[in-house]
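Look at the two complexes coming up: subunit A is in both, with subunit B in one and subunit C in the other.
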Partner chain A sequence: MIRFEAVEKWFGQHQVLAGVTGEVKRGEVVTLLGSSGSGKSTLIRTVTRLEDIQGGQVLFEGVDVAGRGVDINRLRQRVGFVFQAFNLFPHLTVLGNITLGLKRLRKMPKAAARARAMTELDRVGLADKADALPSRLSGGQRQRAAIARALAMDPDVMLFDEPTSALDPEMVGEVLRVMKSLAQNGMTMVVVTHEIGFAREVADTVWFLDKGQIVESGPPAEVLDDPSHARLRSFLSRRR
Partner chain B sequence: MGYVFDPAAVLTGQYLDWFIWGVATTIALTVAAWLLGMTLGIILTLVRTLPFRPLEWVVAGYVEYHRNVPLLVQILVWYFGVPQLLPRAIRMWVNGHHSEFLLAMVALGLAKAAYITEDLRSGIRSIPKTQYEAARSIGFNYLQAMSYVILPQALRIVIPPLINQTLLLFKNTSLAMAIGVGELTYRTREVDSYTFKTFEAFAVATIIYLSISFAIMALGAFADRRLKLELR
Partner chain C sequence: MLEIIENNWLLFLIGQYPHGPVGGLAMTLFLAVVGLSLSFPVAIALALARLSSHRWLRGPATAVVYVVRGLPLIMFIFWTYFALPLLIGHTVGGVATLLFALVVYEASYLSEIIRAGIEGLPKGQTEAAKALGLGYFPTTFKVILPQVLHNMLPSLVSQFVSTIKETSLGYVISANEVTFAASQVNNQLMTQPFEVYGLLALTYFTLCFTLTSAARWLERRLAAERGALGIQPA
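Here is the complex of A and B:
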């Protein structure tokens, strides 16, 4: 579904992605591990062209996302993106955040958009917060609302950029539970995270990035329990 | 001395009518110029944030002209200058339809737009870039992201300076008397010259200006309370 082919990305003189090649298959949950600065967030941001790349290709359903004929706005509707800092729209209620795309892009009538939004809110356990402003929610609730917002657009794949890194420890669980149930329902997911437990339990494949390259990849049991790469060993030992 | 302060003398018969017409014209001019200024201010803001440098320079030039040339001069240019550039048919039409009101509205509205776009730009700058990214990630194009996500927030942030701009606009409508718009100041001068009750006439005008100003401030404060962004 998503293919990275020798992807290179530079920020000025600094190379963040140094030839990343890998594939995310439909229905697969891929977890990206790596220390900060390893390029994992940048990598998933290239899928929807939040970051442009300088070398290689990112293919979505076999089509180069930077290709000439690609309507990036249409592509983004098919790819849900969840940010570390939630990025809910503070001037809209939780419901308003979710219905905005449905009404304006999907041209759904108000009632249908509302019903759709409530389904998603129910799924993330926030139906009772529909009319609250984001400022009235806890961090965990905000992130679940952000996930509902992305899900409402009915994406083919969900990208998560450190979805629990900005949360207080006691709120991490509720967000991970939502993500886990998504995975169990067959959603294709790419998750940048520091939650080794989540990777072990939910992921089909783990990619370990170091200095802008995937240095190790495979099923979590293999990669996490029997790491061959020294960097991964030290990364894991710091997080036990 | 022997001056008797007698406000009732200017609030009777045709003088009262003049005041009422004056107030109505002042309010109409304020509202019309405000709407024009807001609309154009928003458009200019969208244009100047487009990733195309020359447009930014055009807007910057627009802003500097309107900020640095006296408003009265701008009004006079619009009234005495611009119509001459128009095709005859349009000129005739405008002249037959209260051209002084129309052109004062245009002059005031265009000048206001320059200030509003400056306020809006600083409002937009204070919104985190991640909001724009989130909007684009849902699938909105640039214009949609601006109109549904960024501008609604920026407008809320700049309500206090916008109240200030509205007050200035309201008071500046009095400059339109220079081209014969029958607004409150013009009518007050008229009452004054008919009655020689200078203090009474201007006392009435002052009280009217003050009341409307206070009403604008109260309305603005209400809007600010209701719409203020809760960020934390």
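Here is the complex of A and C:
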């Protein structure tokens, strides 16, 4: 579904992605691990061209996302993105955050958009907060609302960029539970996270990135329990 | 002083209306309100053009803003007064001339406030809109500008105060606002310029001080609100 082919990305003189190659299959849950600065967030941001790349290719369903004739806004509608900082629109209610895309892009009438949004809010357990402004929500609730916003667009794949890193520890669980149930329902997901437990329990595949490259990948049991790479060993030992 | 007020308060407030055109304080407020309202959409367009990635949009907009901000308003009014009739082929009244000059002038200043507001918004807002698949216009008009304009309210009131004061320059091209009214009264009385212009000063001060206080109050409220939202002003 998503293929990275020798992807290279530079921020000025600094190379963030140094030839990343890998594939995410439909229905698969891939977890990206790695210390900060290893390029994992940047990598998923290249899928919807929140970051442009300088070398290689990112293919979505076989199509180069940077290719000519690609309607990037159409592509983005098929790829849900959840940010570390939630990035809800503070001037809109929770419901308004979700219906904006439905009304503008799916051209849904108000009532239909509202009904659709309520379905998603129900799914993440926030139906009672529909008319609240994001400022009235806890961090965990904000992130769940952001997930609902992305889901409402009916994406083929969901990308999560450290979805629990900005949360107080006691709110991490509620967000991970939502993500887990998504995975169980067959959603294709790419998750950048520091939650080893989530990777172990939910992921089909773990990619460990170091210095802009995937240095180890495979099923979580293999990668996490029998790390061959020294970097990964020290990364894991710091998180026990 | 009281006598001046007694005899001339109506002229101060509404000019010679209903025996002549509306003027005085009513005209001053009209000019400020309409001037600012009309300059607002122009300012938004200028700000967006200045932030555009297209050089042929950014260049001219930047030039306009820099040129206008580099000129005194009075000069701008003179230029409009003499050039506008040549351009459109017939004479233009003082009020219309002043309004035109004010709109262009205010739009340049407002556009800088709007531009700063857009640039000051957390980057995540644009990114979230993009990630949803929203294009430039829905992102700008549904996500970015509503937040920017909300944050801008205090600056907008301050700009309104400046505009009120700037309308007094209409006097030089006989736009019959409140300064013009005051000078008419002064010409009639001949001997009491301090009292007349003192009254004029008091009028401006009362109006502007009230509005500035309102702006300060708004600013405090927004700051409190932003604190509650946990939004960093970036």
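Everything below uses one rule, namely that the second predicted complex is superposed on the first by the 240 of 240 C-alpha atoms of A that agree within 3 Å, B and C clash if a C-alpha of one lies under 4 Å from a C-alpha of the other, contacts with A are read in each partner's own complex, and residues count from 1 in each chain.
Simple rule for what comes next: contacts are C-beta pairs under 8 Å (C-beta built on N, C-alpha and C of every residue); 3 or more make two chains touch, one makes a residue touch a chain.
Computed from a predicted model, the values in this text were never measured in an experiment.
*Asks:* In the superposed model on subunit A, is it clash or fit for subunit B and subunit C?
*Replies:* Partners clash after overlay.
*Asks:* Going by the contact rule set out at the top, does A:T205 touch subunit B (first), subunit C (second), both, or neither?
*Replies:* A:T205 contacts neither subunit B nor subunit C.
*Asks:* On the A-aligned overlay, A:T193 touches which partner chain: subunit B = first, subunit C = second, or both, or neither?
*Replies:* So A:T193 meets neither subunit B nor subunit C here.
*Asks:* Touch check for A:T48: first (subunit B), second (subunit C), both, or neither?
*Replies:* After superposing on A, A:T48 lies in contact with both subunit B and subunit C.
*Asks:* Can A:R149 be said to touch subunit B (first), subunit C (second), both, or neither?
*Replies:* So A:R149 meets both subunit B and subunit C here.
*Asks:* Kindly list the residues of subunit A that each of subunit B and subunit C touches, one partner per complex.
*Replies:* 48, 50, 73-74, 76-77, 81, 83, 85, 87-91, 100-101, 104-105, 135, 149-150, 153
*Asks:* Under the stated contact criterion, what part of subunit C meets subunit A in this complex?
*Replies:* Touch residues, subunit C against subunit A: 122, 124-125, 127-135, 138, 142-143, 146-147, 150, 228-231.
*Asks:* Quick one: in the complex, what on subunit A touches subunit C?
*Replies:* Touching subunit C: residues 48, 50, 73-77, 79-81, 83, 85, 87-91, 100-101, 104-105, 134-135, 146, 149-150, 153 of subunit A.
*Asks:* Per the contact definition, I'd like the list of subunit B residues that touch subunit A in the complex.
*Replies:* Result: residues 130-131, 133-141, 144, 148-149, 152-153, 156, 229-232 of subunit B touch subunit A.
*Asks:* Name, in rising order, each residue of subunit A that touches subunit B in their complex.
*Replies:* Against subunit B, the touching part of subunit A is residues 48, 50, 73-74, 76-77, 81, 83, 85, 87-91, 100-101, 104-105, 133, 135-136, 149-150, 153.
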